[in-house]
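In structure tokens below, several structures.
Shared between the two complexes below is chain A, which has chain B as its partner in the first and chain C in the second.
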Partner chain A sequence: MNRDRRQLVLMLAPYLAGLALLVLLPATATMTMAFTHTDLIATSEFIGLDNFAELARDPAVHAAVGNSLSYLAYSVPLRLVLAVGLALLLHRRTRGAGTARAAVLLPGAVPELAYGLMWLWLLNPLQGPVNQLLLLGGENGRTMFGTLPPQWLTDPEDARAGIVLMSLFTIGETFVIVLTARLALPPEAYEIAELEGARAGQVLRRVTLPLLAPVLAVLVLRDTVASLQASFIPALVVTNGGPPPYATTYLSLVIYQEAFEYLRYGYAAAVAALTLILTVMAVLIQWRLLRRWAYHGLAGMGTHRLWG
Partner chain B sequence: MKRTAALLSLLATLTAATVTAGCADTAEQTADPVSLLVAGTPDELAAYRALAAAYEQATPGARVTLIEASTAKDLMTKVSTSIAGNSPPDLFLINYRNYGQFAVKGALAPVTARLAASASLHEQDFYPQAMGAFRWQGEQMCLPQNISSLAVYYNRTLFKQYEVAEPAAGWHWNDLVATAQALTRDAGGRTVRAGEPETAGTPVAVHGLGIAPELIRMAPLIWSNGGDIVDDPNAPTRLTLDTPQAREVMQDFLELPRIGVVPSDVEVEAQDYEARFAAGKLAMFVSSRRVTTAFRAITGFEWDVAPLPQYRAPANILHSDAYCMTRTSANQDAAWRFLEYALSDPGATLMAKTGRTVPSRISVATSAAFLSPGTPPGRSQIFLDTIPALRPVPTIATWPEIEDATGKVLENAFFHGDPLDKVIRDLDAATRTVFERGAASR
Partner chain C sequence: MTAGLILRGVHLTRGTIPALRGIDLTVARGELLVVLGPSGAGKSSLLRAVAGLDRITAGTVAIGGRDVTALRPGQRNVSMVFQSYSLLPHLTVADNIAFGHRIRGADRRAAADRAAAAAASVGCADLLARRPHQLSGGERQRVALARALVREPDVFLLDEPLAHLDAALRTSMRTEIRAVHDRLGTTTVHVTHDQSEAMALGDRIAVLRDGRIEQLGTPDEVWHRPRTRYVASFVGAPGMNLLPADGPLRPPGTAAGAELGVRPEHVTVIAAGSTTDGAIGEVERVEVLGEDALVHLRLGAHAVVARVPARTRPAPGDRVTVHVADEHLHAFDAITGERIPLPAEAATR
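The block that comes next holds the complex of A and B.
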């Protein structure tokens, strides 16, 4: 082993040890537990595929898979578009840009539980500021468009929309990464675009987005992995999985309830395994789509290969 | 040289500190610290801290370590994970509706022999209904701390203002509904029929009744009507809500929103029943004794409690928490000594003064510490009068799941008007496999 390689191994060693001890080992234990009946009180009992057979006919799990995938489908792209939009808007050093950047970052710094409780108040159907705002200009308890305000905590569709809405304000980390990536883009590319008379929209489509593509791809994959867990606190604190029966019951909430409320750790481990499988599938699909996009370029723009 | 001296003195200080800490540890071990895991509101937790302090003061050298959980579910998690981690609390306080899985799995140390040998605690000191709820396969598994039940909390000021007769013992469900109708008022004081806030013409200022659509709220009414909620209370395999007696009660219960006396789901989400009652927006509220502490802070109006209405015969549901000792506790003798104090007259009196509990110890329940003349509720005696009519829900490991599963179906049916047959089918479908799992774990 040469000196560089030895140095690399040495530097990686603490991380690898942490990864093995804190991630791989518990993950292996969880996957093993999925084949057992475990309640942490009596001795675990091997039950083969029984937990997985129960998963297949559990209405809570069916609802949770649908809700989790729908959350992923709405939340991930919306969060990315919002983060990219704000980063492109605020990357210039203009008056107030620093304050605006801090404002985008701040919600992410609020502890998750406090953030959930704050939204419980914001989305209060009668006294909440969100609905009070929507009622401005309307009459008889209706909005200015004559519609009823959303019933965030009692209507299934509105409740799911509320959970996605909550996720749109915690984009600070994504925003910072996109902002940094944008600031690192070569100014020459923009100078050439300007010399060629490109309009703002063309610069965005043909210069900025293609150059940011590798970063955006990583962010999409990262957000996908995180999103199946990110819905947990809002669903627990704000909607408690409801309105009933399972309007905002996500896989992460099912895992929590089965393990920590009903002491069915084996079954919860099986739901965790299902979550892992769904996450891997979602990442693989996106990976393939992104690779295709990378090879063929954005909006038919050349065959510039961005990675791999 | 100076540097060496400094290092040596630092080393000496550290050594001294370690030795001192070691000595302190030894002292603690001889003091037999008892770990007690409890869940509750800040008021309740403060009462347990006071109880622990009083015990330490009354018993020189004794120590109690209080482990606090925020909710009953959090407590369940803490108990199971600590048992798995081989560091269980010596004692924990749990509701009988949740203790089944710990009893079934052999996680508890029976206290039958200790109770028989005790010089200060005797079985006859406690209400038998509460003792029975914690008996498993002939063994007394835990000792009850309280024996509560459902009652109707009512805003006496509103009753007087609208000249509505106050509820009397033996009142029927229909009387409750009629009273609720008479008390559902708009801001001008006119009787109105409540509806969805966004579609109703006149907003309701006061709703006549607040009652959560839960199985444990319906159960006493079904028992009162001569029905039952399960096929066999000792070994239940399914819900029996399809009997004529149960159907009648469920129909009446689920009709409350259509009659227009209860807040809608939107209103309940905006402000829960307890807060509504405290704000004077609810004339009557069905709950157990646990809300008393919070309601004692009400200054804007007079309130009291009335018995739960009935159908054919008096019936009520047992609400009881007990101190349970873990089987693997290494400190059972000290834990028992604490239990003897906690359930003695002085210990039980301390908890009774919080107002939150109906003491399981008869001498304290019938004393001024609980009946608290001059402090609301003035009719605390109704909690004692109903004791002979108390019934427990079945002891089954999966009961918490059954309550959650039925709660979802009933909430939907209550607020969205599902047909009764569908509700009964849905309840059965949601619980059949949960009962099966509960039966399998026996």
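The block that comes next holds the complex of A and C.
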């Protein structure tokens, strides 16, 4: 082993130790637990694939897989579009841009539980500000669009939409990354487009988005992984998995309920394993789709300095 | 015949700092004008004012007889090559060159054909399928040149395109820029801080200082008859030696309070004692540059540099006689820096 490698290993060691102790070890324990019956009262016993067989028949898990995937399908793209839109809107140093940036960041700074409780009030069908707002300009208890106001806490569709809606305000981190990436793009790229007489739409499509592509690809992957867990707190606090039977029961909530409400740790571990498999599959599929798109931008970004 | 480019009373302010303070400039159609100056002189501002990338605060810009002052960059039909980042990293060379035509709605096939033709004209046809990060610095600027050419612009603006290339490549690329210009005859404004590049490339040179044009003339005029002390010391490597008129060199007929200039190339160094004509000095340092050597001399209180053939160079510590022919002397007003005609000069005129 040469000097550089030894130094590399030494520098990585603290992180690797933490990773092993805090992530890999519990993960292995969980995966092992998935093949056992564990309730922390009786001694745990090995039951083979029984947990997985039950999981395949469990209507709560079926609903949770569907709900989690639908949450992912709506939340991830909407969050990204919103964050990119705001970042491109606010990257210039104009009056109020600083305040607006802070406003985008702020919801992410609210503790998750408080955020959930706040939305419980916001989404209240009668007194909640969201519905009060929607009712403005409407007549006879209908919204301004002439529809009945959404029943966020009692209608299954509306409840799921409510959970997605909640996720759209905690985009601070994504926003900051896109903002920074946009600010790092060479002004000459925009001047080339300006000299050719490109319109705003063309600049967005042919310059900004391709140059940001590598960053956006990473953000999509990251948000996908996070989204399978992010639905947990809102579902617990705001809707508690309901309206019944399982309208907002997500995989993360099933794991929590099985483990900490029903003390079925083995079964919860099996659901966790299923979540892991789904996450890996989602990431692999996306990576295959994004790879070509992101690669050249990435390679190009890497040479910006050489380019100068 | 209308001029290729006319600037009248152009002022440009960056933030609160004036970058251009009244530029009047006419570039003939098909001329290659080099704008020369140190960093901060306003060279890039001048180009950006022509391109419309920066809004001018006063004055007018006309391209090919058309007043473009109020037009956006895209409507001016100018092309620009930047010092760096002249290409879009996510596009192939072919797509980079075709970019402008595609923006303006040309169909893919037509744009690709024109891109290929432009690439061939600057000798980078073999690079069409590559991406910018797979190109060397010289190749990148060659492609940037093709990207700028493909538009058939009215004015071609080059913002220090060679600054990031190594010395050998810089020399060969400047020859090529000149060749491309001669072939296409497009009005060109080339910005550089490299005086040898300016001399080699330009039909005329505009020497810029603090947002004003200090001198506008052919390379010969700028070299032989610098209009100000500043131009004299900026053009040439090393620049002109400047000495007070009552110093060691005293030509006949110079007013007191003037400053005398002499290019290192025109300082003759002779072993002391062989002649009485000239000033006595001492050699402090000698830099050999291959064929030539720069001899740093001390004449009393004054430092003078001479460029002499390396074969006949003196050694440090030698006492030498320094001689300058009267016709090689320049005089400048010590206060305004303006050129003062000398009797010798008036005679040769």
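Simple rule for what comes next: the second predicted complex is superposed on the first by the 291 of 308 C-alpha atoms of A that agree within 3 Å, B and C clash if a C-alpha of one lies under 4 Å from a C-alpha of the other, contacts with A are read in each partner's own complex, and residues count from 1 in each chain.
The definition used in the following text is that contacts are C-beta pairs under 8 Å (C-beta built on N, C-alpha and C of every residue); 3 or more make two chains touch, one makes a residue touch a chain.
Since the structure is predicted, the reported quantities are computational estimates derived from the model, not experimental observations.
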Legend entry - chain B versus chain C as contact partner of A:L148, first or second or both or neither: first
Legend entry - Partner chain(s) touched by A:G85 [first = chain B, second = chain C, both, neither]: neither
Inset, instruction - Would you check which partner chain A:L211 touches, where first means chain B only, second means chain C only, and both and neither mean what they say? - result: second
Inset, instruction - Quick one: classify A:G66 as touching chain B (first), chain C (second), both or neither. - result: neither
Inset, instruction - Could you say whether A:I41 touches chain B, chain C, both of them, or neither, answering first, second, both or neither? - result: first
Inset, instruction - Could you tell me if A:E191 is touching chain B, chain C, both of them or neither one (first, second, both, neither)? - result: second
Inset, instruction - With the two complexes superposed on chain A, say which partner A:P26 touches: chain B (first), chain C (second), both, or neither. - result: neither
Inset, instruction - Could you look at A:Q202 and tell me whether it touches chain B, chain C, both or neither (first, second, both, neither)? - result: second
Inset, instruction - Please write out, lowest number first, the residues of chain A touched by both chain B and chain C across the two complexes. - result: none
Legend entry - Of chain A, residues touching chain C in the complex: 186, 188-189, 191-198, 202, 206-207, 210-211, 213, 296-297, 299-304, 306-308
Inset, instruction - Over in the complex, which chain A residues touch chain B? Could you list them? - result: 39-42, 59, 124-128, 141-142, 148-149, 151, 153-154, 242-246, 257, 260-263
Inset, instruction - In the complex, go through chain B and note every residue touching chain A. - result: 73, 76-77, 80-81, 83-84, 101-102, 105-107, 197-198, 265-267, 269-271, 398, 400-401, 404, 407-409, 411-412, 415, 430
Legend entry - Contact set on chain C toward chain A in their complex: 51, 53, 72-75, 78-80, 82-91, 99-100, 102-104, 131-133, 140, 147, 151, 164
